[in-house]
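The chains carry the letters A, B, C, D, E and F, assigned in the order they are written, with residues numbered from 1 in each.
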Amino acid sequence: MTDLIKIFVAAFLINNIILMRFIALCSYIGMTSDVGQSVGMGLAVTFVTVMASAVTWPIYYWILKPNGLEFLEILVFIVVIAALVQLVEFYLKKSVPTLYHAMGIYLPLITTNCAILAVTFDQITFNYNFVQSIVFSIAVSLGYLLAMLLLAGVRQRLKNSPIPSFMMDTPILFLTTSIIAVAFMGFAGLIK
Amino acid sequence: MENKTMKLVLSGAPHFVTGYDIQKTMGMVIIALLPALAGGVYFFGLRALLVTAVSIVSAVAAEFLFRKALRRETHVTDLSAVVTGMLLALILPVSSPLWMAAIGSAFAIIVAKELFGGLGGNFANPALVGRAVLLMSWPAFMTRWSPSLHAAVVDATTTATPLGILKLGGTITDVMKSVGASGKPALYLQMFLGNHSGSIGETSALLLLLGAAFLVVTRVIDLRTPVAMIAATFVASWLFGQDPTFSVLAGGILLGAFFMATDYVTTPVTPIGKWAFGIGAGLMTVLIRQLGNFPEGVTYGILLMNVLVPYLDKIIPRKFGFVKPRKVNA
Amino acid sequence: MKRWQMIKLGLILAVYTIVGCVGLAFVYNSTSKTIAQRQEADLQAGLHEVFPTATGFTPTDKVKSPNSTIVFDAAYTADGPSGSLGIAVKAHGPSYGGPTTLIVGVSTDGTITGVKVLENKDTPGLGANAANPKYYVDKATKTTFPGQFAGKKVSDAFIVKQDVTAITSATITSRSITNLVQAVAKAASDALGTAGSAPVPSSPSSSAVLPSADTVRPSSRAATSSVPGVSILETLVGTKAGTIVGASGKATAKSYDGDVTVLVGVSTDGTITGVQILECTDSLGSPILAPEFAQQFVGKKAGTPLEIGTNIDAVSGATLSSRGATALVKATADALVTALAGGGL
Amino acid sequence: MSLKTFRGGIHPPEHKESTRDLPIERVPTPKSVVIHLTQAIGAQNQPLVKVGDRVVKGQMIGDVQACPAATVHASITGIVRKIEPAPQSNLKDGMAVFIEADGTDETAYMAPLDAFACSREEAIKRLRDAGIVGMGGASFPTDVKLAPPADKPIDTIIANGAECEPYLTIDYRTMMESPADVVEGLAIAAHIVGATRAIVAIESNKADALPVIEQQFAGHSHGIRMGTIIAATKYPEGGEKMLMKAITGREVPSKGLPFDIGVICQNVGTLKAIKEAFIDGKPLIERGFTVSGGACKTPKNLYAPIGTVIADLIPDVIQMSDDVRKVIFGGPMMGVTVPSLQTPIAKGTSGVLFFTAAESKQYEERLCIRCGRCANACPAQLMPMLMNAALDANDVNRADAIGLVDCFECGACSYVCPARIPLTQRFKLGKDLLRNQRAKEARHGK
Amino acid sequence: MKIILETAIIAAVLGLLIGVALGFFREKFAVPSDPLVDKIRAILPGANCGACGFAGCDAYAIAVAHQTTTPDRCTTGGKKAGDQIAALLGLTSSAVDQIAVLVCQGSKDKAPLKADYEGIQSCRAAKITTGGTKLCQWSCIGLGDCTRICPFDALHMGDDGLPHVDTVKCTGCGKCVDACPQNVLTRVSRAKKGAMPLCSNRNPVKSKVIATCKIGCIKCEICVKSCPEGAIHMERGLPVVDEHLCTSCGICVAKCPTKVFKLIEKDIVTS
Amino acid sequence: MKRLFGVFVNGLIIENPLFIIMIGLCSSMAVTTTVANGIGMGVALTFVLVMSELIISLFRNLIPESIRMPIFLIVIAAFTTIMDLEMQAYFPVLSKSMGVFIPLVVVNCIVMGRVEAFSSKQPVADSVVDGLGMGIGYTWVLIALAVVRELLGNGTLLGFQIMPASFSPMIFFILPPGGFLVFSLWMAASNNLRRKLLAGKKPEPTQDSCCTLPENGSAEKA
């Protein structure tokens, strides 16, 4: 149990996927202009990440590794994830339209979201077992959601700041992220 | 008509303003920080004053030059840069190289404040950002503590702050030894007076409380946040099995609670938000002290809460005459 | 028609996949050898660095990892011109920013011959200096951080800031690497059979904690502790000239992140006559094995509060383990006193 | 013992000492007056006279077209010279009747009416015919205010003598000089709405008016239970909702009206006008106001016919210093500036203030530093800085959610703001934008 | 060789499976879509990067098609994609060929201020707190609310204190018309021809108009009388031109004593 | 020729993937702690980009619309894996220090975006040049970031000590927050420069990028 908590805290805060590892920045910048949007995106990412993690783990350990085909990892993972996302999107659009409008519309963005692929690679690199992988994927994607929410909040305040013109738009967002990351450095070493 | 001779002015109501402005607010804060600075000079020598002066000059110069370069109106007379420079100096070790203090406050002013549009536009406390960046950049300088000039005992351990001693695996007993106290009451007294190693302005609880009392009496600060932060620190450290009184007196809790968690721009304006901010900052501080890498967590505790302020500001208090909307029966 | 369309799509995709994958397989075939060679070369270089005089290395499976957080990747016996020189182990264990991989060499006499840090993901410029060949903890002798372990005895204390110099501003990294080195070295020397005399008393004598007794026999009924988590492994009764003078018990409990095992002796009047800390598997807990720590308990009354910071001093660097051990000692002593009073021994 | 009050509020300098002890003077009848046809909140009135008509003091010259509105009357006797738009103290040029005095002092008042004997409808009609409006500044037609819906019983009526605006002392003087009129008017108003309790509320700095008022209770209360209460001296104590909260402890619900909590509040000047309308049959053709301010050499309290142009009073009645920069109709906190002295006194004009350049200095606006002083000062318990931030970000809906429409523009937040942000003005702007947006949505909704 | 065989088998299975599944799902769960959305979607690059602030290219295409956003927000596709989408929408949108026109000529020198205004520098704020800044209460206040709201940078305050419409940049979106508290901005079709009176002063008293503005309509009705086509009549104090009758003869422009009239094709819609 | 040059410059500056289009940001900050890493990553991405664009462009008429996405991904993933394996074999140190960011090239928006937006509609030569332009455009930005970070954060460039010995490196710059800061400031500088250029001579640069437009339109119709 403690190892799961450690994995969770480490992936959620200490090695926050956006603030400390620079992964999934495109959607982080693009999707934080509105809090509701960030929540939708964050939840969609959580859903797909967990799903991807649950699917790729058996593929790696039951198909690729026994046959010595680890080098196919990248290709197989990305294709499987892309297909899965598309299937889920088709399914939601037709069968659960309400959910689709809350979350599903973010799905196409997710295929090329680095966070998901990074999680599937990391769980292999870190030698996590299946349960650990799932916990890890939840933690990473919630960390993503957290970072999105923090930026979305600060962005609302920035609307009132007379930011110098050359810092407008993206530069100020990265500067904000930098300062949020400074604050997150405080979590360093929380888990040893 | 008579307009030509008289030149009347049209403006919106009210046609009256108080004489109290930003400059006066900042002036009050500076006055309130003076006892702590004086304490720093007393405990650590004149170099404390030098570090503070360099930090202030650098902060003011950075603000002035930056705004000039941007062709914006310079507002150095509002004294906010002085406050930032002063606060930053007060949370540096006295042995900090002068160039480091200068870089720190210039960085704080430009990156954390002016690039966001100046006073009022920033979302994180510039002084704390400055300190966090310095701590990241030159950890060796930032953790080189000098013993108090008036310490009863001077041995190797006094170069660590009381919290530092705990972080390195020491016990309260070791802390007592380091300040030359024979028992807990004596330890508390030493901590309260500030006769131990630490940042320039953070050691003396007495002088900080003096300044804080001034700000409270003059209604510059609201007591909610500091009280919440100190109480949260007290309770959380007690839950972690630490000596709660010691935890509150040690490190930057008081300085942070009264002077940084009350920074207008970067803390919530709503009453509940203020409570939440204080509690959150206190909890984060203790968490970092207990589990994190750093002996002291006030900087990060407050910075983390700074980031949450937009959400805390959403908890709006009850308006005058507010009635709960009645549920319409379906 | 529609069904055919679907299958056609599948086939097209399959063709692309096959072409892509098979292409990859060819590339893999050609590069995998190079990768393997390179890794082997790196390993050999590392091994030679820790055993410069060795003529060759033979894999061995004698070395076992002491706990689950440290993974032993491979172990080799270093072959010298005249028989085995020692054992080199490649292992990785947790550090501050991620796993640290290193090679530790231990000679047959229980001396560390060398340590090489292969990979460290800690803070660049600070913790990562552990792997930097140009970062010296001692500038005068140009000793790198891992370099300082060479020549150290396995039985040494391995306490950062005492017998190990820390990397500036990276105490955590220094500590975790030191612990890793110690654990690996100990496992290696155990495998070599030299079992360097670690400060653990190898065969705890129950009589040592009951100095007044002349004979010590197992109790007919075991003492039990009411404190959750404390399990008393064995209960002994000490007699002098046939009368019971006290009891001793061996107990174990969870401590900070490992287990701690103690041996406690209590006289019939409830005074603690002796304490030995037998084992502590906490990651930073080994310092409490020092007899000075255990000695503090002697003479204290069971039933009175025993507390770190008040009447028991913690061992510097191992506050949490000290606290765990103290609680265990107290629980055991209390249990023994209860058992003695109940007369059930 | 703490005085009755409400949460929030400010303590601006009072500046009342220069006029508080000066009796109200009646100005000589002006040669001409400019009477705007619409002087109350509500619908536009239509003129009852033509150019060239002779009108008599007290004659109704503008009648109500739609409710709510208040009738207007000629305040002097003379000839109607023209009817055309003229500058008005409520910003917009409105249609006005220009009357030139013919020197006679003929009057055409109504017959007295016994408020306690007549029916309620008659009483309300009398109020309407007399053109009485709230004289505290808001100019809300009194006949509407005293006729609340039948399902909202009124138990308390408050005579508002708080007069919290700096400089103004006209209400105080009215209480000191015509206490009987005020009490009589209060009794009439209480009788009309059926209130069983009537309270005269005064700020603590005017406590010496209390005994004067209380002496009159015996003779003029008409059996209504009357009392007095001293409230703390604080701005905006005289705000209707604030005073009710302070006196009765009841809060007018957000977006609600005072009669929702069974209370009605009337300015003491209005009460005097009510008394005159019933006992003397005199419509509201004259009002008292304070003349003061740093650029006014002759601070005083005056009675002047409605429609008297300020410029006509200079220099015989009022003298100004040369550096006058700002002329305010009303108090300094909520009054409006006027562009020229050609502005006539209206029914809602409680004061005319002349400010020097130094007094009307505009400070540079800075960024909000979120000090929270505005929130502490806001009597409506709003978060002005958050509303300002929302408006700054062009998010009118967010500002509305925080409470934009609950702001009643008392100006306390602007007064305390150390960053000199014109918060009150911004909220007025925000409300206007909000109205615009709502109207647009309604259009698109259809 | 074994590894290559294995790879091929796995690849074949994977490819076939996914291909069939995709085809199947697409068929089974097909949702009819808007052809306009599809067209816009086809122009967009499909990187689904989210930089536009929408959840992917599809979401953005829908928003553009429903005209809830502007077509220039795709950073990946750049100006190119924006132009194409705009062109696509231009065929169906009628708002594009309009242009904003200021119906007031009360520049600084012609329409005097009634007093100095201090406070929030916004027309709407000035209007609600002080009833505007100029003696003419119908005039352009001149504090530039329209210039600030213009998303196309097509309005600029001139030295004369009036906003000037950049006829090239103006798209006729109408934001400025909504923003103007005085309602002195209106939209006319770029193709429109004829005379247009540029005054909003409805004060019926000639002397008052003269006192407040040198270029205001003084209600002399010379235009009504002089128009050979009878195309001009007065409506609530202002002349109105019937565009169907107006022949752009220019007589009213020449005759108007205060120069209120302008010809749209000559003086207003210029490029 | 001139046209191809236009396509090249387009990626290099006018539509620079990082500063202007702002895609593929992740790796740009993660790997720029040292210049060597930056160059390595840039070369790796350029390789994948050019090869993928080449292949997709070659086969662009043989790709069914409905499974376009999986096929693109397969092609990109294949080249990413090849690049990954080669790096492991010949540049093991570099490969290790870049870690997960090498496989993540597969989801780098630059590759996906260019393949979708450009090479799936354009002839082979243009695609290759576009890949080169974009790749080099990406690389120079990485180097620019890395120079600042390595110099200030470590006092070295490409591993060589540059700053005087008395200089204490400001470690902040090689930590994550420093990465964000340096990127932010570089971007601000580029924005500022671009705005000045645009202000100086009307909207000429964008006009330039439009010179590739006509054919693009015709290609789409086809």
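Note that a residue touches a chain if its C-beta (ideal position, glycine included) is under 8 Å from a C-beta of that chain, and two chains touch if they have at least 3 such contacts.
None of the values given here were measured: they were computed from a predicted structure.
Between subunit B and subunit D, the least number of touch steps comes to 1. Here the chain pair with the top count of touching C-beta pairs is B-D.
Ranked by separation of Cα centres from subunit D, the top chain is C. For this pair, subunit E with subunit F, the centres built from the Cα atoms lie 38 Å apart. Here the CA centre of subunit A is 34 Å from the CA centre of subunit B. Centre-to-centre separation of subunit B and subunit F, using mean CA positions: 42 Å. We define each chain's centre as the mean of its Cα atoms; on that basis subunit D and subunit F are separated by 69 Å. Within subunit F, contacts with two or more other chains are made by residues 22-23, 66-67, 70, 74, 77-78, 81, 85, 109, 112, 169, 171, 175, 177, 181.
In subunit E, the residues that reach two or more other chains under the touch definition are 3, 7, 10-11, 14, 18-19, 22-23, 26, 47, 49, 51, 114-115, 118-120, 125, 129-130.
Residue positions 26, 29, 71-72, 75, 79, 83, 86, 111-112, 156-157, 160-162, 167, 172, 175, 178-179, 182, 185, 188-189 of subunit A are each in touch with at least two other chains. Of all possible chain pairs, those that touch are A-B, A-C, A-D, A-E, A-F, B-C, B-D, B-E, B-F, C-E, C-F, D-E, E-F. If you check the complex, the residues on subunit B that touch subunit C are 139-140, 143, 166, 168-174, 241, 243, 293.
Looking at the complex, you find that subunit E touches subunit D at residues 114-115, 118-120, 122, 124-125, 128-131, 135, 137, 178, 181, 203-205, 208. Interface residues of subunit F, counted against subunit B in their complex, comprise 168-173, 175, 177, 181.
Of all the residues in subunit A, the ones that touch subunit F in their complex are 19-26, 29, 71-75, 78-79, 82-83, 86, 111-114, 117-118, 121-122, 125, 165-175, 177-179, 181-182, 185.
Subunit A contributes residues 149-150, 153-154, 156-158, 160-164, 167, 172, 175-176, 178-180, 182-191 to its touches with subunit B in the complex.
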